[in-house]
Amino acid sequence: MKMKKFINKPENIVAELLAGFALSHPGQIRLVGSNLVARAVPKAKGKVGVVTLGGSGHEPGLSGFVGEGMLDISVAGEIFAAPGAPRCLEAIRLANNGAGVLFIVLNHAGDVLSANLTMEMAKREGLNVKMTLTHEDISGGTDPEDRRGLVGFLPVYKVAGAAAEEGQPLDACCEIAERMGRNMRTLAVAVATATHPSTGQPIFELGDDEMEIGMGQHGEAGTGRMKLKTADETAEIMLDMLLKDLDVKAREELLVIVNGAGATTLMELFILFRHVDQVLKAKGIKLARAKVGEFITTQEQAGFQLMIARLDNELIRLWDAPSNAPYFVVR
Amino acid sequence: MKMKKFINKPENIVAELLAGFALSHPGQIRLVGSNLVARAVPKAKGKVGVVTLGGSGHEPGLSGFVGEGMLDISVAGEIFAAPGAPRCLEAIRLANNGAGVLFIVLNHAGDVLSANLTMEMAKREGLNVKMTLTHEDISGGTDPEDRRGLVGFLPVYKVAGAAAEEGQPLDACCEIAERMGRNMRTLAVAVATATHPSTGQPIFELGDDEMEIGMGQHGEAGTGRMKLKTADETAEIMLDMLLKDLDVKAREELLVIVNGAGATTLMELFILFRHVDQVLKAKGIKLARAKVGEFITTQEQAGFQLMIARLDNELIRLWDAPSNAPYFVVR
Amino acid sequence: MTSGISKADFARMIAGAAATIRSQHAVLSELDCAAGDGDHGATMLRTVDRLEKAFAPGGPEDLKTCLKDAGWSVLGVDGGASSSLLGVFFGGMADAAANDMTGMFEAGLAALRKQTKAQPGDKTMMDALVPAIQALRAAADSGKSVHEALFDAAAAARAGAEATRSLTARYGRAKFLGEKTLGHADPGAVSISLLFEGFYKGFSNLKGESGNA
Amino acid sequence: MTSGISKADFARMIAGAAATIRSQHAVLSELDCAAGDGDHGATMLRTVDRLEKAFAPGGPEDLKTCLKDAGWSVLGVDGGASSSLLGVFFGGMADAAANDMTGMFEAGLAALRKQTKAQPGDKTMMDALVPAIQALRAAADSGKSVHEALFDAAAAARAGAEATRSLTARYGRAKFLGEKTLGHADPGAVSISLLFEGFYKGFSNLKGESGNA
């Protein structure tokens, strides 16, 4: 299939998309320094700054979640590629309001390399920064190092961002982010590939009647290639794996996120969510909160990510706190 | 290409998606009567009710915009098919809080037939209902009857819904909806077809290097089939047609909406918006407000709708008013 | 002779119509793929289900009441243009005297015309429906039996539907496809011809069994 | 003899490396499609652009300063894993004495090792880089000229990159493709072999011109 995307020169994609994003949300975000996505109105002095980094091509992730109540600055790299340490360091300097900075990193090889370098440089400058890694993709195996960071970044941004907004100190914000991270699990499934917007090439191959459970954010292979299943069968297979891995007990309270990969419709996500809810009810597990939509995409890939997270009262309060991020407004 | 969608029995798609939608937004919406999407907390007595109807398969349109500040009830039909008059009448009865009901109808053959029948029945019952038709798709020609209702429903829901929330009477709400409607224009472009979720068939055919300007919400043909163009070229062609049709003068204030059809990425929509902004600046036209995202989709169709609307101060105030609809939260 | 029919007669006609639609629904969807959104077959299946229910034993004895209910029930199919139009049509049939089948069909058409400006030639269900009902009137005026009248109507409907191949759509969703609709029959018109074919077969089969035409 | 090199020498090596990368970037992207996300060629193009800029005339005279700047600039390529790693590598070269080329490359490798646990055999750029630098050390110890040393290094790097075909990835994005990476050379390792081929060509060409090896 020939790629059909509305772009101009491939090498300008990221600069142009960031410009358009900023122009379409003047009240909420703006570009500062070296194309860093920052809040239109910087956070009050004395509050912890929250910074993240990640490749582009996953819109609205990650920069769509910069805003009051969530991130202070997002450092966007090239398509599917982590930004380098220099711009991350610049972001951390800018986000520091005197209370230190929480640096939230999704576990992907390139991002972690940049983040580690950034941390070394920041420490050398005497900046007060703490880094927290999200790795909740259970398809990677049991070693946390092998678990990628998928849509779980969203609750981590949300609760850590809300804690920072409340004025909680860096240690507390970091503890909250890590607690959220420890208590969440994600599994992705793909049924159709995306094309890489710069190269025009499909990023993976799948048979006409196949789906793959465990597919990563950039088409990195998963473990479970199988025949296409119905919505209910798919939801059930994935939910069971997630509940088992997180060891969820009856009466515990869960946040559930169903994240569309790009071409999979909200119609399908609702149908899937409906069955997730049925299965949880059957097991006596409480659905405390839910979110269904596109939070991190992989171009026009078809598939979705299912995330579950165990919530305690503080995490629920922080999840419910107001937010003014362009793609995550909470009143 | 074989259809790959996460569904169960095709005949259950609509019931299941509505169930999932309601379950995932318990605080905001609920299903009442014959699967009508209504607010979780009904509007206060004495305020005008706002109701709409439309086929399913376009999520989050139309039911995603039920909520405080926007719609009271949305009547969802089968996939791409208008709901019949009986459920529309039921919705109008339920939405009537003693101040009458504004019935917002998108100009599509099936929807208008149902709406006209509904109005006759409502009148016979002595219900106080006013119907307003949105038809802003300039590809249909100059006769308003031939202009379909595309994403322009969004500002109409928003300003009429806000007026109703303010407690403005039915006549005023209707006048505001019609003023918004008169001052907006939309043009759609498609580059790749969607498959019909019930039949699994592609809804139209397009060459590998073709795009079609004027494509309707369900693949109804447009007028301008041409070779695929860059983002900037496409935005410029469409914007020029829209500005001409609405006869926009320098220094006037516009609302611009870029609506993704399904498979077209937010990345592309931002790139397109960026050039729309550049062209407007060059012409000395003011960008008053903007919205970029997926508000009404056609399954995994690739393409987008570009909408412009002339705003006056009252319309800007109402556009900015708070909303708690699941897919249109405004603080 | 003016031809009155009973609820039982009409129930048989509906059963016949349901049978023809069920045997052809795939064709209807294919036609709607070419000139619409592909759902017409599914919509017609739900439509005939509801028509049958409205005439199922145990329902009201009175034909007019059954037709009113049937019309309302078909409106509730939520299947877009065709189910609204057919709901209006069957519901409208109740506006005429029950002892005059032709009058009832004419009343249905009159009700339909209040909802659409489409005329024969516009490539809609009207291209089959109008000639079918004209055939009923002609048959009645020339004193033909219901059996013969329904035979003529089915033939006229089929001819009308066939003729839509050479037309371009001016109403409904298909309007926007313009020239592209040339060469394909209009799905709604084909549905009407299937309904009338079913009316004829349904009515006559049993009459046949009972020996007299 | 230990072989010192001047900024001018290194600038020629960089120019040579830029030339080989530019002629092969499509291959690099293809390899990255098979075992990653297809962007490695583009990333390497931006990387060599920045390396050349850092050594362009008018810049600092001191080789160490140029290397520090080059490393920082390559980190800023924002091209994912490889640009971070190569930025660390070139920046790290500045940690050794400028009059010892081998020592400088060893210092770059040492800096790189602080950022990745990958060893030869893990199917990464290390499979080309480690043998290349071992070859430099061996050449230096056996008193070979810079020209000869770079020739040996380029040969060792190519052999190391070639050998990655039969390995399965254990680091980076490709890790998740596991067995699927068998049969394809690792894009990063191939980049390293292209860089060293370019270092050799760039250094030697001019030496050649100036007549002595």
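Think of it as A, B, C and D in the order they're written, each chain with its own count starting at 1.
Here is the rule we go by: a contact is a pair of C-beta atoms (placed from the backbone, for glycine too) under 8 Å apart; a residue touches a chain by one contact, two chains touch by 3 or more.
In this text the structure is predicted, and so the values were computed from the model without any measurement.
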Chain centre separation in whole Å, for subunit C relative to subunit B (CA means): 33
Centre-to-centre distance between subunit C and subunit A (centres being mean Cα positions), rounded to whole Å: 55
Residue list for subunit C, restricted to those that touch at least two other chains: none
Chain contact graph, described as a line, ring, star, complete graph or other shape: line
Chain-to-chain touches, reported pairwise for every pair that qualifies: A-B, A-D, B-C
Partner subunit A, residues of subunit D touching it in the complex: 29, 33, 36-39, 42-43, 72, 74-81, 83-85, 87-88, 115-116, 171-178, 180
In the complex, subunit A residues that touch subunit D: 11, 55, 77-87, 108-110, 113-114, 116-117, 140, 146, 148, 196, 198-199, 201, 203, 216, 218-222
Touching residues (chain side subunit A, partner subunit B) in the complex: 1-2, 4-8, 13, 16-21, 23-25, 56-57, 59-60, 64, 191-192, 197, 208-209, 211, 228, 230-232, 234-235, 258, 262-274, 277, 287, 290-294, 297, 299-300, 302, 304, 322, 324, 327, 329-331
